[in-house]
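What follows is a group of structures, each given as structure tokens.
Both complexes shown next keep chain A, but they swap its partner, so chain B is in the first and chain C is in the second.
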Partner chain A sequence: MKLMIVDDSNIIRNRISRIMADAKLPEIEIIGTASSGTEAHALFQTAHPDIVTMDLTMPEMDGVECTTLLTNLDPDVKILIISALSDKATAIQALKNGAAGFLYKPFTDDELVNALLELIEE
Partner chain B sequence: MARTGTPSALNKYSGIIFAVTLFLVFNLAVLALNFYTSSTLNNDAVSINLAGRQRMLSQRTTKVLLSIQVDAAQGQYNDKNTAELKKVASLFDTTLNGFKTGGTVVGGDEKPVGLEKVNDAIAVQSVDEALRIWQPYKKLLEPVINSKVIDETSLDAATFYARENNLKLLKLMNDLTSQLEKNTKAKAGNLQLIQTIALVLSLLLFANIVFNALRKLRAADGEIEKAQRETTEILNTVKEGLFLLDPQLAVGSQFSSSISKILQHDISANIPFMPILEGLVSPEIYSSAKDYLDLLFGNKVKENLMRSLNPLTQVKVQAKSDVAPRYLSFQFNRVVEEKRVLHLLVTVQDVTEQVTQAEELMALKGQSSINLGLLSKLLQADVFQLRQFLNNVHTGLEAVNVILANADKRSANHEDLANQCFRIIHAIKGEASVIGLDAIETHAHQFEEHLVLLRKKSSWDAQEILSLPVMLSAMLEQISRIETIVNLIQSHHESANTVQQQPSVSTRVGNNLLRLTEQVSKNQNKNVQLKLNLALLDEMDTKTANQLQQIGIQLVRNGICHGIEPTAMRLTKGKSAQGEISISAQASPEGVIDFIVRDDGQGIVPSRIRAAMLTSGRYSNETVDQLSDKDIVNKLFEPGFSTANNTDKDAGRGVGMDLVQSLVNEIGGELKIDTKPDVFTQFTFRIAKHASPSINLNATEAFA
Partner chain C sequence: MSDLSEKDIEIFIEAIGGYFKQITQEAASIGVAYLAKNAFPLNDFTGMIRVSADYDGALYFSAPSAMLRHLLTVMKETNQSEENLLDAVGEIANTISGNARKYFGENMVISIPEKIAGLASMLNEQSRRHAYVIIIKWKHYSASLIVDISRLR
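Up next is the complex of A and B:
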């Protein structure tokens, strides 16, 4: 399974990468990171990831918009929304637009790994 | 349902199934019995028939025999008669033996029929008797039958025997017939009886089956009704709103009666839910909720994840009929069958009370931290000082009480009364802030705020007058709580034998003023140093020393708030960054004591006060213009005069100088103000000689 990380914060991007490296999951391989919706869209078309972690609040194109775009390109892509607790309404929007799961910020290492594994199992 | 239903249905109907089986077996048995009886009856009919024929045969035998004799008398021989005799005698013989032993005999239609031997005692007797008569008869007949010619001897013997026994034989055969008929009748009667009983029994059994079935049916119906009634009862009594929502987002037929009240909307089956929600919540929440419900019915996202996304937990609602906003918590549970969400079970609770309580709890938490703060201050403060403070507060509040008692008199000058209260409360506030009892300071401040409102009014209504004692008693209560704590601390100190050395009056007053300076300059964001020279206070009586402390408190506060400039301004004026306030008690050359409070601030400048009076908005242009410079300075001592823009704990009430003036009057003496713009302000209180008889003049001379 190829994973793409989408987040405008490099701290979060690095954190997710580090968690995945620590978790040593043979079934998940990070194929790239994107710092905006536009970048994610471009990377998606070349790298064809199976799973995406998606931040909701990003400049230019937000997570909901990006989720809609990616699921239109590939209805089977599994997108994990990563959002703040106050973003309930936006998270619902993203799920409605094709996201498969979501995770509240702040999250622990285990929470992220479990959320991704659950996504794959489905 | 179907899988688990079968065995229980078998169980449920086992009674009926058993009864029906019994009914069938019973009927089969009756049928078999019937069949058997009717077949024996058939046999009986044969027997009766043959018994009847025996009567005929006995007579025929005799008749043929007599015919042969008549023929013989005429010398004739008819072998036809002999043949007939042979036939009827043989038939009679085989039939009679048949009755005795059973066997096959020739029937009425010349065909062989089975004949059962007789069992009945009477019939057996008849047959035996008949055989006894018949056997010799038969022997006598044989020569007659076998002779091809007339044999008169044999014929006479047979005829003689026949005449003797014919009637007996007939009677016996008659008896047999009657007996057999009687038996058969009895059997038929039995059969009828059995049939009647069987009919009655099967009717009873049938009735039992029908009755049981009906009873079971009624019981089952009753259970269904009971279950329905219980469901209704539950739905009628639960406090929570419960209802089912179908995929079209319409309310199902089962819902709790409380739901209408909770949603403030009449709920009926199949009513669309979304318009109701729309009337309750904000458009943002509504649109989120709509998407959320779609996702729930979509059944893609897991239920526990969905739960954390629920936008309708503790949602603020206000229906048209609601006076105040309420808080509702909606909970959605999927009712899933074969991976399809058939319904959502919706639970709605009015959580307004919980939310309010939570808010109150938060407020209480704040309050308890204040109380903790108070406690730690009390533990740090010196007990002696606390006692004195509490005494002062008691005295002050009692005085306020007396003043308030006069407030409802018509003649009372309310403004004056308010000012008097104000001075006392203000003094308490000052002392409280000096000791660091923030809670009391805050309380006194609130009291003051209330008095400010009253001072502005020309007359007080009953409500306003009543509100003051309420505040007063609240303060007294607080004080008594503190007293309890202080007593505890003191008894603890005493038991631990750690009674603190009572500090000298000058040290105590000095420390208080230092603390006040630190606090007020921090509040005012100013940098101030306090210099003290109060040794003389140790030689005064406590009352005067305390009054002087009060004056010191007010003047130091004023000095920091109004005198000392902010650091930046001081630097532009070429002054040191740190302001300085000095308080001293000095013996004057005239032999009296001067209590001097001096600050190196901006001084009292009439023009500045005029400007401040105008910008404060409390005084008109004309008022300000009419006042001379001296009037302006005197204004400082009027109750309620203030130039501060904002009222805070430290300044702005216009009470400080008023309090100083009244203290000066109480002690007795003169108050002098010296000031130079941008350089200093000095208040010199020359205490009148008679005011303090305890002053040691010799000592003051020594200090001078």
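Up next is the complex of A and C:
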């Protein structure tokens, strides 16, 4: 399955990439990263990922808005929100807008791998 | 408008402690919060999150470059450019304030991080009379979390 990583933080994008490389999961291939919702929208239309990790707090277009855009383009895409926003209302709103899962920052390597595996096994 | 209570400040202490524990697998030593007037313990890099809606003010995480480089090493990040050190303070400030919303709720609206290299002189001008300062010691480094927030409603 093709994975796209969306986060405005360099170090988080790199960390997710590195964790996935270390995990050596043959079923997941990283096809690109985006540092904003706008970039993610453009990349999504050319790379057609199956799964996306999505930050919420980003400039210009936030992660909830971007999730809505991407799920409108492809209702089958599985989006894992990765955010520090820990209130219930934010998680509910993200799920209502098409996200398939939610992982809170800060996260460990194992938590990320398990969250993605759960997502693709659904 | 009212100042945050000790219980409110405890939320930020738990959040910063949890961050270090989760990322480094090692507990940081978190000092007791104290009220500071104009003399804030700032470091090389500072991440700032503005809060709005039912709250007003900002939260700052300020750390020396050596501590940030060490944290990036723990995260296996080899690019330790100034851009990534700024990214790190912004991300930590964002994580602490985001985690605090579990307690404060969605009506504590938080901004995207603003990142400052060098001493953040504007902080002294912007902050209210009483801001809480929390000192974080990890390995031999010392950083600060400054909670300069009031409750409006």
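What we mean here is this: the second predicted complex is superposed on the first by the 118 of 122 C-alpha atoms of A that agree within 3 Å, B and C clash if a C-alpha of one lies under 4 Å from a C-alpha of the other, contacts with A are read in each partner's own complex, and residues count from 1 in each chain.
By definition in this document, a residue touches a chain if its C-beta (ideal position, glycine included) is under 8 Å from a C-beta of that chain, and two chains touch if they have at least 3 such contacts.
What you see is a predicted model; the values in this text were computed from it and never measured.
Considered on the superposed chain A, chain B and chain C are sterically compatible, since they fit side by side.
Within the superposed three-chain model, A:G32 lies out of touch with both chain B and chain C [touch as defined at top]. Applying the stated contact rule after C-alpha superposition, one finds that A:A89 touches each of chain B and chain C. Contacts of A:Y104 after superposition: both chain B and chain C are touched.
Put chain B and chain C next to each other and count what each touches on chain A; the higher total goes to C. If you stand at the C-alpha centre of chain A, chain B and chain C are 70 degrees apart, rounded to the nearest 10.
Following the chain A superposition, chain B and chain C show a smallest Cα-Cα distance of 6 angstrom. When the two complexes are superposed on chain A, the residues of chain A that touch both chain B and chain C are 89, 104. Remark: chain A residues 8-12, 14-15, 18, 57-59, 83-87, 89-90, 104-108 touch chain C in the complex.
By the touch criterion given at the top, residues 284-285, 287-288, 291-292, 294-295, 300-302, 305, 308-309, 311 of chain B touch chain A in their complex. Considering their complex, residues 88-89, 91-93, 95-96, 100-102, 104, 118 of chain A touch chain B.
Residue ranges on chain C touching chain A, taken from their complex, read 18-19, 22-23, 72, 75-77, 79, 83-84, 87-88, 90-91, 94-102, 104-106, 110, 112.
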